[in-house]
Amino acid sequence: MPILTLIVFSPLLAAVVLMVLPERSRISIRVTSLFAAAVSLALSIVALTRFLDGNPLRETLPLIPKLGISYSLYCDGWSSVLLLLTGIILFAGCWASWTVAKRDREFYVLLLVLSTGVFGVFVCLDLFLLFLFYEIAVLPMYLLIGIWGSSKRIPPKGPLAFAMRIFDVGGREYAAMKLTLMLLGGSALILVGILAMANQGAGTPEFNMEALARVHFPRELQMWAFPLLWIGFGSLAGVWPFHTWSPDGHASAPTAVSMLHAGVLMKLGAFGVIRIGMVLLPEGAQAWAPWVGGIAALNVIYGALSAMAQTDLKYVIAYSSVSHMGVVLLGAATMTTNGWNGAVFQMFAHGVMTGMFFALVGLVYERAHSRDIPSMGGFGKMMPGVAVCFTLAGLSSLGLPGTAGFVAEFLVFLGAWESNHAAWMVPAVLGAFFTAVYVLRATRMIFWGPSKAENFPHLSDARGVEWVALLLLGAMIVLFGVWPALALHPIDITTMSFLPRITGLLPH
Amino acid sequence: MNLHSLALAIPLLPLAAAAIVGLVRPIGRRGGLAATISIAAAAASLGCALLLLSHTAERFVLKLPWLPVGGRTLAEVGLRFDGISAPMLVVVGTVALMVQIYSVGYLSDEASGPRGRYFTWQSLFLFAMQGFVLSPNLLQLFSFYELIGLCSYLLIGYYWEKPSAGRAAVKAFWITKLGDVGFLIGLLVCWTQYKSFDLAAIEHAMTAGPAQANTWLLPALLFCGVASKSAQFPLHVWLPDAMEGPTPVSALLHAATMVAAGVYLLVSTSFLFAASPVMGEVVMYVGAFTAVFAALQGCVQNDIKRVLAYSTCSQLGLMVAAIGAGSVAAGYFHLVTHAFFKSLLFLAAGSAIHAVHTNDLREMGGLGRGMRWTGVFFGVGMLALAGIPPLSGFFSKELILASLEEHPVALVLGLATTIMTPYYMGRAFLLAFSGKPRSAAAEHPHESGWLMRGPMLLLCSLALIMGVFLWSFADTIHEPVHLEVTSIGLLGIALALAGLGLAWVFHGPRKTVIDALPKSLLEAARSSGVDALYVFGWRHVVFVFAATVSFFDRYIVDGLMNLIGWAGDRAGDALRRVQTGRAQDYVLALFLGLLALVAWGVWGG
Amino acid sequence: MNEIQFCLLLAVALFSIGIYGLLTRRNAIGILLSIELMANAVNINLVAFSRVHGGAAGQVFALFAIALTVAEVAIGLGLVILMARTRKSINVDEARDLHG
Amino acid sequence: MSALEILGLSLLALFVLAGALGTVLSKNLVHSVLWLALALVATAGIYVRLTAGFLAGAQVLLYAGGVITLAIFAVMLSARIEGGPIPNESAKRGRGALVALAVAGLFGGVLLQADVLAPRDLPVVDAADIGRSFLGEYVLPFEVLSVLLVAAMIGAIVIARREDP
């Protein structure tokens, strides 16, 4: 029973089925996609358990032998945890987009195709196929944001205003276009990196990652190939200069799309940097580590500070995603066991957190039709449930012990302190503090204080359907905060198998 | 019922209560039911604590691996029961139970819906506090430390409709989080220096292992955490604002337990501070200075709860100073006695506020006649705090003064505090309970019901007889303590009486003087610069910096991306003009290409 | 400088005069005539080399070339007439609708 | 080569160049067509000089006969449609001259340096040989050419057909 193939392709299958369904059947569309999401989620749990008791899943099928391309899926510790994350976020996303009115069938089809791409990248061993899945994951974003998004004009200001005047900055078409172009630009670099690695072997090119891991690439190749992969995947993971698509993209995207995008797609980028960049090009990674770590630390502080100054709720959370992804890359750059464990765990923790955040913001936006924080106030009276969930997600993002956010950040800080760049830890810890500042400030301004609910007529708490997503994600945050070993154990096993290649010796 | 399950029950019972009341909507909605559940859990937890107190001989530590790293365990989670944690468990349990019972009466006139939320947070706080007391390693101490901060944030913000309450709650969380940043960095330093977070392991490594290089770093960072939660000098600004919360919350958190968590942290890691004398000195002087500074502030406040808040801050300063000077027993015992009489004072003040519906001393006056019980309780608390002999305050204060003997500067500061404390407490007592009533509500205040007076009665009796337990307390925490009559001791008593006299002189029943100090000095003292510093720091430094970073990101970095787009657009436009539409231009281009090719063919490569 | 070289040089001269005419004439017919000249130059080349190497191939292809050029002129003039009829002028400069 | 032959050849070359220049430079369109006729006939002479008699005949017949007459027709027709003589001036001369000179210079330079083979006395290729190669070795291009000519005819007619009113 090819479990991994089923996980990857069940959303795609559902998408095909959706195509066939008659136009008006709202319920059957949603049920089919929920069923597909549930199948993937359940099977990813099976994959995790199979990995834990020793026989990880592996499926291979030679596709183009002459070019060394084969359909080979393998689920190690990292992939199983990230599969679980994708399953959860997809399941919650399907629930959260229950109220999509306009052309909901196409919405669900694109959402499912996107998640197939994501599932594919996490378990694929073949670089060529991985790149294919990567593109499948990125391209539907354009349509999803362009058609179902929402726009908020941003007046062009500052020295480069002339350049911004010809685009309607902040609009959904602008956001969709910018997001897709920047990510495709990144993926072009990735392709160059992959091809550089692939035809190193004599004769036929070799795309299988495990085979490439055994090849010792010449140092010069690693020196230029690694930054390509870092910038390519990094632009998806929100590395500093290439992160500007994230605020606009997430702010204009509909709820479920920004849940999936911030929650899972950004992890694709970070996963790519570590799994492909660092594991296959160790010397390059070690040489460029100061840069990766430095920019990641900048990311953390930069994201936190700019989040603090935003007045639009979705922008606050988009910038916080940039900041938390900085923590992930910082953990990766430390090249220590703790750092890597922390980085992958932060991917999981932040995925769940941001998923919940965007689900809540979607609920608030649906009822208040405004994302402008200063004009909101006292929503706690009308929507106590949402207020509590928002606070929980906020606490996890600021790293309160007992939530998943703390464990991840603690491990990354420990990794940073142990690595030979202890200085990175200072901006990271400061960033965590600033996260506390802007999260609680936003919570207070929206949910507490005297009720301004009169100019928001139909404010109401989350209804039955929407509770599923919130409860599921909230439970995940607390469960992995109180007992992190559930996810940390498989991650640790895989880190131990990868790290010696980098440091030559397993640090203490 | 072996000891392990008893110890486990202490934190888990309140957690269970919090979960039931919090998650099960129907129970949460009915205030009364929620109250009974959480009080029952608190009582059971206190029962276990008392049982454990009886045989503190068996010290045991339970451990469970929590975080794996490279196959081994990075950190464990578990319980530590020994001489140090036993008394604290009892103190926290008692005060929490009393406050919860008291809150039933105090909140009776409010809507019953939110009370479910109130008792959830109360039980959650009790779980966090007991978990903190029982933590065997620094990481777990830190985790529960922040959970306590969360509960204080939630409880201060109980009246969240009031904007000032919301702001105070967030301010409290931020400043404690700021201190915790230091604590977090301390954890990292601890891991690199000792390769473990376990307190016992660290102590063993320090004594047996190689001498560490800079032993002062870890204690310094830990002290940051202590300073924030126990409101020491630079980080104390959140405590007075925390009075926005309901009074029982102030009694529980901001008098007895939460603020004492920092001191308890000092007590349980005292071997680290002992290892670096420099750090000891720093801690002592910070503590002493905080004591005097807060006491001075206390003298000029007109809000009864703020007077008590500054007094707590000052007493904490004394405890920290004592521990810094090396005598853990003095600090710890003062913590225990202070927990009882300060929570008593808060509850009494609460019942007074409950009667006249205002915190302002200027609108109180002559409540003693109408509220006899509350007057007596407040009086006993005031005397205990002032350090008048038979009461418990006297013993712990004498111990502290004794511990400060070798450090003249700290001693002077300590003595200054011992004279100011009775003055401001006397003033508060006289203004509130004696003299002529100064407002309509103060004319005929109604005494609060038994639900409120019962807990106060128990705390009052504890405040009276606690001094006797000094010696049994001393040997549970295995610290030698000797209290004899010394010149410093007598001076302490004299100063206490002098302080009370001063209060009587200025604010006696016949006098109508509210503020003894001249107006200008009053304003200067009241508007303490530190708070303004924080506000300035936030509004003009952090927020401006954040705004510039956000502007930079939106209009420069993002602007550059748009510039690339714009350049692409312009380049496309320029290229468009090359296609002129005239056939001859194209033929010309054709021939130029031909020429170039032929030329390259003839002379080129 | 033998006879063949002379003919080739003549062809080059003819070719470049054709180019000049092509680039400078304003009316379509003028351009067609210049193209004729260039085609003619090509034929001279063909014949010159066929004179050198013998065999009928050179002349056969010259004939083909001539036939093709004639066909091309026929179509060209047809277009010119169409252009004259629709645009009322066969000035090449005015026919620039396909600009960018 | 005897002096007489050289004189003949250079005279023919002179006529060809004069014709070409006339076509390209003359102000009147009809004159430039006539100059073209001169140039074509002169090249026929050169073909004769290069022992390609049949080709000279074809050249005169096709080019001078066919193309010139067609051109004259076209000139007359478009002059009538346009009402008035067609302006035949040329513009951007500089650009045209530059390119022409460049091409001439480049190709001429290459030619002058190249050592071209001298004409050897080979059997003269007469019409019969050409006919035999048309239907022998090159029968396919011959047939394709005929198809092309038919297509060109039909095309020209369709293009220039006046909409019946």
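Labels A, B, C and D are assigned to the chains in the order they are written; within every chain, residues are numbered from 1.
Here is the rule we go by: a residue touches a chain if its C-beta (ideal position, glycine included) is under 8 Å from a C-beta of that chain, and two chains touch if they have at least 3 such contacts.
Small disclaimer: the values here were computed from a predicted structure and weren't measured.
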{"item": "Each chain counted as touching chain A and chain B at once", "value": "none"}
{"item": "Two chains sharing the most contacts, counting C-beta pairs only", "value": "C-D"}
{"item": "Distance from the mean Cα position of chain D to that of chain A, given in whole angstrom", "value": "72"}
{"item": "Centre-to-centre distance between chain C and chain A (centres being mean Cα positions), rounded to whole Å", "value": "66"}
{"item": "Rounded Å distance between chain B and chain D, as computed from the means of their C-alpha atoms", "value": "105"}
{"item": "Distance from the mean Cα position of chain D to that of chain C, given in whole angstrom", "value": "7"}
{"item": "Set of chain C residues in contact with two or more other chains", "value": "19, 22-23, 93"}
{"item": "For chain A, residues that touch 2 or more chains besides their own", "value": "none"}
{"item": "Contacts with two or more other chains, residues of chain D listed in rising order", "value": "92, 95, 99, 103, 107"}
{"item": "Complete list of chain pairs which touch one another", "value": "A-B, B-C, B-D, C-D"}
{"item": "Chain A residues within the chain B interface of the complex", "value": "154, 157-164, 166-167, 169, 178, 181-182, 241, 244-245, 247-248, 302, 305-306, 308-310, 337-338, 341, 378, 380-381, 395, 398, 400-402, 406-407, 410-411, 413-414, 417-418, 425, 429-430, 432-434, 436-437, 440-441, 444, 447-451, 483-485, 488-489, 492, 495-496, 506-508"}
{"item": "Touching residues on chain C, where the partner in the complex is chain D", "value": "2-10, 12-27, 29-30, 32-34, 36-37, 40, 43-44, 47-48, 50-52, 54-60, 62-64, 66-75, 77-82, 84-85, 88-91, 93"}
{"item": "Contact set on chain B toward chain D in their complex", "value": "584, 588, 591-592, 594-595, 598-599, 602"}
{"item": "Of all residues in chain D, those that touch chain C in their complex", "value": "1, 9, 13, 16-17, 20-21, 23-24, 29, 32-33, 36, 39-40, 43, 46-47, 49-52, 54-55, 58-59, 62-63, 66-67, 70-71, 73-75, 77-78, 81-82, 86-93, 95-97, 99-101, 103-104, 107-108, 111-112, 116-120, 122-123, 125, 129-130, 132-134, 138, 141, 145, 148-149, 152-153, 155-157, 159-160, 162"}
{"item": "Contact footprint of chain A on chain B as seen in their complex", "value": "65-71, 74, 139, 142-144, 146-147, 150, 153, 157, 160-161, 163, 166-167, 169-170, 173-174, 177-178, 181, 184-185, 187-189, 191-192, 195, 542-543, 545-547, 549-551, 553-563, 565-566, 569"}
